[in-house]
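Next up: the structures, one after another.
Common to both upcoming complexes is subunit A, partnered first by subunit B, then by subunit C.
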Partner chain A sequence: MKLRKLAAGSLVFCMVAGAMASSAFADEIVINYPTFQVGANTSAPAIAELVNRFNEEYAGQYRIEVEEVPGDENYADKITVQIASSETLPPVVYGAGQKLLDLALQADAVKDISEAVDADPDWAAMYTESWEEVNCRDGKKYASSMESEMIGYFYNKELFEQAGIDGPAATWDEFFEDLDKLKEAGITPLAMDTADGAWCTQLLVGAYLASTEEGMEFLKTKYPTDYNNEAMINAMAKAQELYQNYTTLDAVGGAYENAANNFFSGNVAIICNGPWMISDFSDESKTEAGFADKVGAAAYPDSFVYDAPIEGMFVTKQDDPALEEAAVAMVQFFTSNEAQAVALDLSGMVPASSAVEITDEILEKYPLLGEFLSQASACENRASTLTGNMVPGLEDIWDNELPNLASGASTPEDFCQVLTDFAAANPAQ
Partner chain B sequence: MRKKEIPWIILFLLPTCAVFLLIFAVPLCMVIGGSFFNYRLMPKTFSFNGIGNYIQLFTQDKNFWLIFRNTLVWIVIHCVFHVALGTLLAFVLYKKPRGWKFVRVVYMIPNIISQSAIAMIFLNMYNPQYGVLNSILKAVGLEKLQHNWLFEMGTAFPAVTMTWFLFAGYTTTLVLAQCLSLDEGIIEAAKIDGASSLQIDRLVVFPLAKDMIRTTVIMAATYMLQLFSMIYLTSGGGPGSTTTNLPLYLYTTMKSTNYGYANTIGVVIIVVGMVTMFLINRVFHTREE
Partner chain C sequence: MKRAKLSPGERAVRIFGYILMILAVIVALYPILWVILSSFKTNKEILSSGLSLPEHFSLDGYKQALEMAPIFQFFATSLMISVTATVLNVLFLSMSGYIFAKKRFRGKNILFWILSLSMVIPTTALLSPVFTVISKMGLYDTKAALIIVYIALSMPVSLMILRSTFSAIPDELEEAARMDGAGFLKNFFLVMIPCAKGGMASAAVLAFLESWNEFTFALILTSSVSTRTLPLSLSYFTAQFSFNYTALFAAITIAVIPSIVIFAFFQEQVNQSLVAGSVKG
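Moving on, here comes the complex of A and B:
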């Protein structure tokens, strides 16, 4: 009998305590934040830290709950499907160069944050011309960037030395000569891929494309519908040659992870990627100790570097205005100069805001970043990535057609025609 | 049935009907209705298109017929060869040879592992650089036969097919359960009449297990009409459209925000499913007659 009374008493106590606890948090607004910047993603430490700091600063008022969605392609697919099925989007979405802002805008799902931005002079000052290009539409501010997409390539200095190469090439002719030297020395020159948007390959193709006036103009075209131009066909012919002679066997069918793994294990000499990869070079779970000392960073030949703020975080329309306010606070917090400094420190993410100083401490921590930034700042030619400007869905076609191009089953002309057919049938504008 | 029971019957059926209408009927009508519209998100378009999407799909879409053929070929392979393989194993196991329980369990394992894991296993097995398949070929001096199995035109389709073809665990389990439930007296009678083991299998066990085989054939067909993740995670539907099936095509079309066209593909999948079910039932019904 006593035991029953004790059990009943405990239950009542638990219920009352639970009710009190829940009422204490009743006013706290929870922001569900799906993100791919988790786990092995190079930005994960920075995002985790910022989430903690936000939750501390807004304790009792707002709280971010992270929903892990490993893989940026998976994340983009998830948000795209949610837009397609008219589901309410998460309060904060990170555009991440996946054209999600335009998609969400078409679905009338994005909140205009102009008022909040203009009310904060520091925030408003970030909206330079390049920012506005990626984050604003029709004069309205919709998104806010956290990092810049400044991309060159990395090379293995030890392998370059073995092949008798002094340093990064200044022209594309020199670059291809270096590839031959590496090959002659028995070293596979390039890390390439075909899956998940063929990230490394598209960077190389885009950079080569930028070496001609026509190509540069094409690279800067938003959502092009015609890929049948000489520059693009030449670039794809070069890509075909590189697939067939200068890369690993698993490049065809492989994704970025395969390419990175080949670079980390010293199987290849060159990989195209951004500075966010730098912290990986010292990560002993990915590569051998001391690997970072072997790596050099470079801008592309003919004075080219990818340079554009990455489409930032945006707030989506919600039924609850309080949740929208919370989401605006989150975007403001995550894209502030302080947050960008944290992201730079913890994950080597190049800040989107020019107000964030790259200190000597940072350069000491990431010497490779300093090496890259000094080269990048000297570059005369800049543009955003090739696949970043493709119409929605074309990346899948690009992925599936690249193996045919690589094997020679299709010609560069065929390849460009397939892209044109799809883009022309599915124009984004 | 008494008249006063009718309201009760209606009352108890209502929740099921309501759930069916909400979850299946309404979306189905929306898919069919949507297939007659030009509905895109980028650029935002919503206009009545009549049978325009169907005309485009059947007459102008360069990829559709290859994708349609892929889907049908996989349905046939799965319904005929895959089910035959599972049934054959069930017919061996029901005689309870030594170790039959072990084989039954082991053969089921690939069917209970997640498709993502299986896809990763095959992705690595087929890897042209370090994959088991190419390594074996190299070890036995058949380097000329090495391929990038999932990403070459000539090998991609069979390579993707092999990711599920051999794993007929469900068929084996279901047909075996049916065989084991047969009255042993019937088998004994056949033996006394002098029937050979093969004759017993062909003339006694097979006809009695036919209903279950039909069920497994229907399951196999529907599985193929839903197949998505295994292709998506291995070949991604490429190279080109060599390994794309209708569900994957629907998905990629939806990603390009062409929802009206995606609905049209959805309707084709539904029709293919209905025709397949009809044909399967017809084949088994004819055999019964």
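Moving on, here comes the complex of A and C:
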């Protein structure tokens, strides 16, 4: 009899506890967060950790449910379709250099977060001039960055030594002399590409473009519509020369992975890319053991480095104001200095906020990143990438036309004219 | 029985024929073998020496593929969605194929061509409207959404095949059944369907392959792991600045095997479907 009472009491207790727990979680707001930072993406560990931390901190109040959308392009395609369909967007969207903020703004789908940002002094302090350029429109704060696109180049110290080169060049003249020295030593100097936006090539072209005043001004122009200027034509002429004389045969038609593999395999001495590549230098499925010790990092000649926050996370307009509030809390959490420090630690993501301290522990964990950041900090000239500022759709024309430029089928002037024709016909809204 | 001796000219023609067939087999099989072999290589081997054999046979790619993406769950979902879409597609389209082939009604040809024309609308143009309709129906992120879309995507091809199939069945058969007292439904299910098995199998194979391999709508119309299909799993292994080709090819191997098996078993029907309608329309 006692046992029965005990069992009945336990059951009643469980039911009451269950009901209380379920009522506590009934008010929990779920934020559906689609992200491409999963799978092979180098940021995946950092994002997974931040989601866990957010869910712990806001347990019972807010909860992020991750929607895995593997592949950067797939993510951009999916969000673009959702914007075009005028359907409610996910509460938080990451712009991620895919030009999604302007697209969503055109559809009047983005919430102005100025009030929330200004209410938090640490958050407001992040909005420097470069942040405002990327994340603000018409004086209103719409997005918040968590990562910076700080990019230089990597070089193979062993191959440099074989060619009698002491270290990275300080000027472009020295840089091109070094390319000749490498060639004379039988070493292919550069990793280049033409496919998928020709990432490595566009970094090199953009950096060279920044070496003149006119070029730098052009590089800093958001969505230019006229590429027929002397600096751009000269830069494309240089690219043509480099394709024809200083790179591998698979550069034409090749994508980033081909260029990267040439560098990992020691086939080329130099590759332009960002610090996210550093962890690959010790990945033995891509390169030989000990390769990381052979790699050096450098800023570009003439004291130039790519340095711009990547278009950040933005909150979209929702029918439920409570969901919008939850989304703002998520963006604030993910782009806080603490979150950026976690992302740096776990995935080597360069913080977008200058307030994030690069600790000795980080420098010990990522020595090459430390080497690069110390050089980058001394650079006087900074801008965002060439293709990052192109009008939507122009990147496809850019990589379709590059093989013609590389083979000599089109001249630098023709190439710039093609870019101009498209950009002028499709200006950004 | 003694074989007729071939003249030197005939022998040359036969040898040439064999050489052509061997070349065709190599061209057809090489990409599949290349993918399977690559799933045992390292990333470096794949990019540096694509044509060579793996230095060491390792199953790491398969292990990584299964760790990075829930491939088996996606596999099960793909199978469920593809089979359901195929069965419903063939069931409904055989009904309409029969009507288009055997019945007379006003506007029949115009209606048939309107339905067939949907084949030439590019997928990109369909994305936004389909997404809106599915969302408004409350079917976003459901298996039903993909099943409906896949039935529709395979509709024009299935309709063409099945209309040709039913057209090829003699009208006398139907008339005889009617004289024996068979009604419309009995006639369709017990007389026509058994005679159209070949065409139905052809339509089923093509509809299944279309559903099994479809990527874009699966990406746009689903959000949770429980509704995602196998082609999406392949995107887990390459990012803009990162790649794991070994795992990618392991995942492709897992993904393509069912398609190859289905095609191997039903290749006769597929081949017939490609020439269906060329004799009698």
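List of remarks:
Here is the rule we use: the second predicted complex is superposed on the first by the 399 of 429 C-alpha atoms of A that agree within 3 Å, B and C clash if a C-alpha of one lies under 4 Å from a C-alpha of the other, contacts with A are read in each partner's own complex, and residues count from 1 in each chain.
Quick note on the criterion: contacts are C-beta pairs under 8 Å (C-beta built on N, C-alpha and C of every residue); 3 or more make two chains touch, one makes a residue touch a chain.
From a predicted model like this one, the values you see are computed outputs, not experimental measurements.
Judged by the touch definition given at the top, the superposed model places A:Pro427 against subunit B, while subunit C stays out of reach. When the two structures are aligned on the shared chain, A:Gly253 is found in touch with subunit B, with no touch to subunit C.
In the superposed pair of complexes, A:Glu68 makes contact with subunit C only, with no contact to subunit B. After overlaying the two complexes on the shared chain, residue contacts for A:Asp399 are found with subunit B alone; subunit C is out of touch. In the superposed model, A:Val81 lies in contact with both subunit B and subunit C.
When the two complexes are overlaid on their common chain A, residue A:Phe264 makes contact with subunit C while staying clear of subunit B. Look at A:Gln106: by the touch rule set out above, it reaches subunit B but stays clear of subunit C. When both complexes are overlaid on chain A, the residue A:Val391 reaches subunit B alone and has no touch with subunit C. Shared contact residues on subunit A (touching subunit B in one structure, subunit C in the other): 77, 81, 84.
Those residues of subunit B whose C-beta lies close enough to touch subunit A in the complex are 40-44, 62, 127-130, 148, 150-153, 235-241, 244, 252-259. Taken together, the subunit A residues at the contact with subunit B in this complex read 77, 80-81, 83-84, 102-103, 106-107, 194-195, 248-250, 252-253, 391-394, 396, 399-401, 403-404, 406-407, 409-410, 418, 421-422, 426-429.
On the side of subunit A, the complex with subunit C involves touching residues 32, 34, 36, 38-42, 67-74, 77-78, 81-82, 84-87, 196, 199, 256-258, 261, 264-265, 273-274, 276-277, 280, 283-288. Interface residues of subunit C facing subunit A in the complex, by the touch rule stated above, are 42-44, 47-48, 60, 68-69, 127-129, 131-132, 135, 216, 219-220, 223-225, 232-233, 235-247.
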